[in-house]
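Take a look at the structures listed below.
Next, two complexes with subunit A in common: one pairs it with subunit B, the other with subunit C.
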Partner chain A sequence: MVNIIINEWKILLRNRAIMYITTVFVLSLIAIVWIGIFQNNNQKDIQLSAQKHIRNQWDNLKPMNPHRAAHYGSYVFKPVSVLNSLDDGISGITGNVLKLEGHIQNEIVYSEASQSISISKFGKLKSSLVLQYVIPLFLIFLAFSSISSEKQTGRLKLLIFQGISLFKLIFSKSISIWLYGVFLLFITITIQALFSTIDSETIQRLIFIFISYSCYYFIISCLTTYFSSAFKNNTSALSSILAIWILWTIFLPKIWGNAVEKIYPLPSRQNFKSIMKEDRAKGIDGHNPSDQRREQLKNKYLVEYNVDSLKQLPINFDGIVMQADEEYGNLVWDKHFGNNYSIFQKQKRLYQISGLLNPFSSLQNLSMGFCGNDMIHHLDFLKKAEEYRRYLVKSLNDKHAFGGSKTGNWKWSADNTFFRSVEKFEYKTPTIGDQIGHYVIDIFFLLFWVMITTLLIRLYINKNILL
Partner chain B sequence: MISVKNITKTFKNFEALKNLSIEVVEGEIYGLLGSNGAGKSTTINILLGFLDPDIGEAFINGINANSETHKARKNIGYIPENVNLYPYLTGIENLDYFCKLAGKNYNLEKLKEILIECGLDLIDLDKKVNTYSKGMRQKVGIAIALAKEASVYLLDEPASGLDPLASTELSSILKKLSNGGATILMASHDIFRVRETCNRIGILKNGVLVKEMDTASVTTKELESIYIEYMKD
Partner chain C sequence: MKKYIEIALIEISHLTRSPFKIISILFYMIAVIYGCQNGYNLFKKHNNEIMSIKADYEESIEKMLVKYEEIENGTLNKSRRDPTTPYWAIWNTPSYAFKYPSSMMVFSLGQSEQYGYYKRVTNWSSTFDNDLAEEIANPERLAMGTLDFNFVLIYLTPILLIILLFNIGGLEKDLNFDNLIYVNNISKKNWLLSRFSFYFVLLNIILFLLLIPYGLLAAVFQNEAISFLKLSLLILIYNLIWFLIFYLINYWGKNSPDHAIKMISTWLVFCIIIPGAFHQVASLKYSTNYMTDYLDVSRDQRYGIFDLPADTIQSKLLKIFPKLQNTIYAADTSLNKSIVDKSISGLVNVLNKEVVKKIEKSNDDKNKFVKSYFILNPVVYFQNKINSFTKTDYYAYRSYRKYIQSIIDKKIDLILVDTWNNVNVNKGKYIQYVKIFN
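Coming up: the complex of A and B.
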């Protein structure tokens, strides 16, 4: 097997056209990754400075009523993943700035796509584009004639006649083509690792990315050599594998994606907002109006402090009401966002099942996921940002209620020391170790396809192809 | 030794071989003559283990060529009509690669020796095969078969497209091999070359062995007449 692989590489290295293309590939990949890292660092610097500026503003707030500060709010920024330059996944369209304030859960805004000029709205040139589309296509062009040309020239008989088994020969040729893809992948990953600031977590992610793409290249190489050996001529082999490639990369993801959305539909943005508003107004079970809730709360505090009126309370009841309202609003949000979250999960799981027919979708899921730019990572950020919003608003409401003011005193101000004492938002991307459970299906299907394509060569290639 | 016993082979509705039996003993060169579609290549392919006969058996040194293909092939050196080598590799690299596949790890000197023995000039050994003529490629093909150190050689139209000098060189190599004890079966259209090279000749027509004779018993002229006579209807 080693001899065949060495021989294939020798031939590859002596083919000038392939050497030129390889040089172009390598230079392009280096440029794309380097530019990506440069853009990433730029974006990170801008974000850091904006975040610093926002926090500075907060730290220098003049004494003011905490509720006013709750409306003043704060901004949090979704951190740019170190591996964004490799695969930006859904980050380009989901937005990265979120305003946090009292009473309301805002939507994340300022996606890259929304700010781009029209031509770049179709997406930036990321290494994932080359790794997912261009390299596999090139592997197909390298492999489609690997066996059929041996057959057509009659060399296959001569090779088999030397005593090597047909499986060994075809499998070795697949491996040598696969190694070419792995070589380009290795360069990309190495450049990424060399030029960006990476920690052990990023290294782990890069290893997972390397393994995932390697598996996909293996599938493509084996399947193409299988077609090359199963068909009588090069044209049939090439058109068949190209048809599969188009099906995998263009049609199936769209068809399956649309089907998933039909099976598990998300409420429209308008619908989501109006239901939220309705629930918030009516009460979570639909028949508990807000004024009744306020009355119940008032009675509870009057009894607790043993007083007859709100004015006699040692605390500011307005702060209590606002926090209660906030918590009620949180319940409404949890109910509806939770529902959306569960739909997202179902959608994702069903989409992952498409890996049974389409290993490309498994690769895409894994690539986005390991680069920290998929829906799972995005939802995690939204969840943590919402948790922080709740902490922030509760801190302000508690200050309003228990900071020393009395009910109805809206002119009371908290001093700057208090605002400074409110912790800042610090988001840590979840580790891949914690998140790996989300990708088990994709990993399984990718390995399943590795096995299937190997078996295809092992079991379905027989001596009939020699004639 | 090559032994073809009562072989019949049918492709869909076409009967390519009809109860064919041939025996080629050690040290003998057997020439299988016949027109296109006579069944020469089918016979070779059955002996190579690429095709299974419908009826009958084929043996290489007593090993069944179809049920013990891998074992039988170890004894065979095969030279096809067109030896297509790797064009980006040199003659010596091609030979080295094919030898390694056969489990033979020869040093450079030995590889050179084999190629020169097969008639290739020293100056051509390190040239890429895409600069070779058909005759030169054929010589590398013979070298590949020789390097395998086989005891049985199967040749399918080996001299087709070769110039007279290269053809004569091929004949002398084959004779040398048979003198060393090798068993050779050569399928060809070339009456003259078969007469020159082989000890025994069989004429195949529509899958039937219609005539067998010793080369010593006929002149080229007579052989030509016999062949044409059989091919007439």
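Coming up: the complex of A and C.
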């Protein structure tokens, strides 16, 4: 088998056209990875400077009432992952800026896609675009005639007469073509690792990416070679594998993606907002002094501090009410956003199941997942931002309640030292070890396809092709 | 000529004998129907959502009218947010800005899923508010895009053509009898042209037969007949370009696999590589805007205005809105903090408008850059052209933002003039406000 693979590579290297194309591929990949990293670093700098700008404003807040500061709020900017330069996944269409403030849980806004006319439907020219669309197609072009040409020229019979099994011959040809894809993949991943600042976590992610793409290239190489052996001529082999490629890469992802949203529908924004508003109204209204639930809370505190009126309280009851309102709001948020997140997860799982028919969707999921740019990572960022919002607002409400002011004294101000003492938001992308559970289905289906295509060659090669 | 018409007609039997091609055409037809249906569903959804919001706000208008009656009868005391003052009356006048979907939306969803299409407008609003976020949707699905007719036409039509055309003239070369054809006094050029013409006619007939029912369903011919004609012309031109490219490939090609490889590579270059490259370059040149300028206005600069002394705010208002000088309050020399406070949104709006102008300009620069390379990136040109016919492109939503701004301006104008003229709002005046904003 090794001899056949070496021989195939010798033939490949002797072909000038292939050498030219390979050179072009390698140079293009170097350029694409480098530009990707450059663009990524550029975007990262802008994101960091925006975050710094906002933090500076917070650090330089002049003395003000903590509740006013809660309305003033803060902003967080979605960070750019290191491997964004390889696959930017959903980052182009999700928002980038999230306002964190009291009473309200805002949504992330200002996506890149909303800032210009529509450009590419398949995303930016990043390594993933080449690795997912161009290289597999090139492997198809290399493999579609690998057996049928041997058949047409009668060389196939000669090779078999020399004692090699048909399976070994076809499998070796698949492997030699697969190795070509792996070679280009290796170059891409190596350049990515060399040019960007990476840590052990990124290396782990790159290894996973390498394995995922290798599996996909194996599937494509084996399937094309199988078709090449199964069909009478090159034309039939090529048209069949191209039809499958189109179905996998263009048709199925879109159709299945739309279908999962219909199977697990999300509420409309208007509906979602009005239901949340309704539920929120059942809690305490921090700004409404005649609210009944506020009265109950007031009585509780009067008893606790053994006083008759709010004025006698050593603390500021307004801060207590605001925090109670906030905590109720958090429960409402957990319920409704939690419900949305659970729908998203269900949709994701159902989409992952399409890997049974379409290994390309498994590859896409894994690629953006390992690059930290899929929905799982996006939702993680939103959850962490919400956790920070709760911390921020609670700190301000606690200061309002226990910072030394009395109930009704809205003119009381917290000083700048206090605002500076509030921790800043720092987001750390979850480790792939913690997240891998989300991708088990994709990994399983990719391996399933590797097995299927190997078995296809092993068990279903028609010996009649020799006749 | 007759000979070539016959050649074109014989192509029918070639086609019917190829189940692979027939299945591809059927798949394509399903994709067109599916794409139009997706467009129609979104068109209906937008309309229904708008209707439901309108029903809600009509209910709130009724409630306000009852409130005014009760105040006028003396059965209800004025609340903290006194509705007899112009400020709170206008605040309570529901005014939504809607972006009504164009009937043509059935043919292209464009960028409609990236923007909000309804907004409650107040005097404190701006065109980049949080509530203008897009509908709740799965981000991975959004990134993949919806299969609409635009996608089918721009990306799948060339693929169908590859399947239909790659062995036209190629099969004869594969089997080495192509020269037999030319010895029959048939020119290669015309022979290929006749066969290609058959598929050109067939494709366009299929497209229009499928588009017309959806056009009727969404009342396109009543509302957007001209846009539909433009779209039709664009479809013909787009298809013609691909036919021309594939014709040249087949004319110069060696055999069917050679045609297929060149055709799919051309598709890959024009539909994926070139748009992807321009997308990457555009984001390199014009990085994602984190809108810090806008955030500064909506927070720091706004708070800065709140902290100004009332007399400074008043003089600023008089400078920016000179017509206020003719109002009752302006003639009064005493300072009324309540009136000044209710007018602050006028100053904030000026700041908002300035920063929005800057943001829109930076977006426009990016768009200009992308558009200046349309000659090298024709697929994206066609894609955006269709989006513009269906009013689902960036510019349609920019116009919508301008419309929102015009409502904000109108609200502020009314608040300022009526507040400074000490207008007392009763039921009649409130109805006037409702009419102005609806």
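Keep in mind that, in the parts below, the second predicted complex is superposed on the first by the 451 of 467 C-alpha atoms of A that agree within 3 Å, B and C clash if a C-alpha of one lies under 4 Å from a C-alpha of the other, contacts with A are read in each partner's own complex, and residues count from 1 in each chain.
Definition applied: contacts are C-beta pairs under 8 Å (C-beta built on N, C-alpha and C of every residue); 3 or more make two chains touch, one makes a residue touch a chain.
Since the structure is predicted, the reported quantities are computational estimates derived from the model, not experimental observations.
When the two complexes are overlaid, the chain among subunit B and subunit C that reaches more residues of subunit A is C. In the superposed model, A:Ile164 makes contact with subunit B only, not with subunit C.
Using the contact criterion defined above for the overlaid structures, shared-chain residue A:Asn234 touches subunit C, although it does not reach subunit B.
Using the contact criterion defined above for the overlaid structures, shared-chain residue A:Arg155 touches subunit B, although it does not reach subunit C. With both structures placed on the common chain, the touch criterion links A:Gly257 to subunit C but leaves subunit B unconnected. Legend: residue contacts after superposition of the two complexes on their common chain; A:Ser196 is shown touching neither subunit B nor subunit C.
Judged by the touch definition given at the top, the superposed model places A:Lys10 against subunit B, while subunit C stays out of reach. Counting contacts by the rule stated earlier, no residue of subunit A appears in both its interface with subunit B and its interface with subunit C. Subunit A makes touch with subunit C in their complex at residues 35-36, 38-39, 42-43, 46-47, 50, 53-54, 57, 72-73, 75, 77, 89-90, 92-97, 99, 106-126, 129, 133-134, 137, 141, 144-145, 233-235, 238-239, 242-243, 246, 250-251, 253-255, 257-258, 260-261, 266-270, 272, 274, 340, 344, 347-348, 351, 368, 374-375, 378.
The touching residues of subunit B, when paired with subunit A in their complex, are 45, 48-51, 69-70, 73-74, 76, 78, 80-86, 88-89, 93, 97-103, 141, 144, 148. Note for the complex: subunit C touches subunit A at residues 20, 24, 27, 31, 34, 38, 45, 49, 52-53, 56, 110-111, 114-116, 118, 128, 130, 132-147, 151, 154-156, 159, 162-163, 166-167, 170-171, 174, 255-257, 260-261, 264-265, 268, 271-273, 275-280, 282-284, 286-292, 295-296, 299-300, 303, 363, 366-367, 370-371, 380, 383-384, 387, 393-395, 397. Across the complex, subunit A meets subunit B through its residues 3-4, 7, 10-11, 14-15, 153-155, 157-159, 161-165, 463, 466-467.
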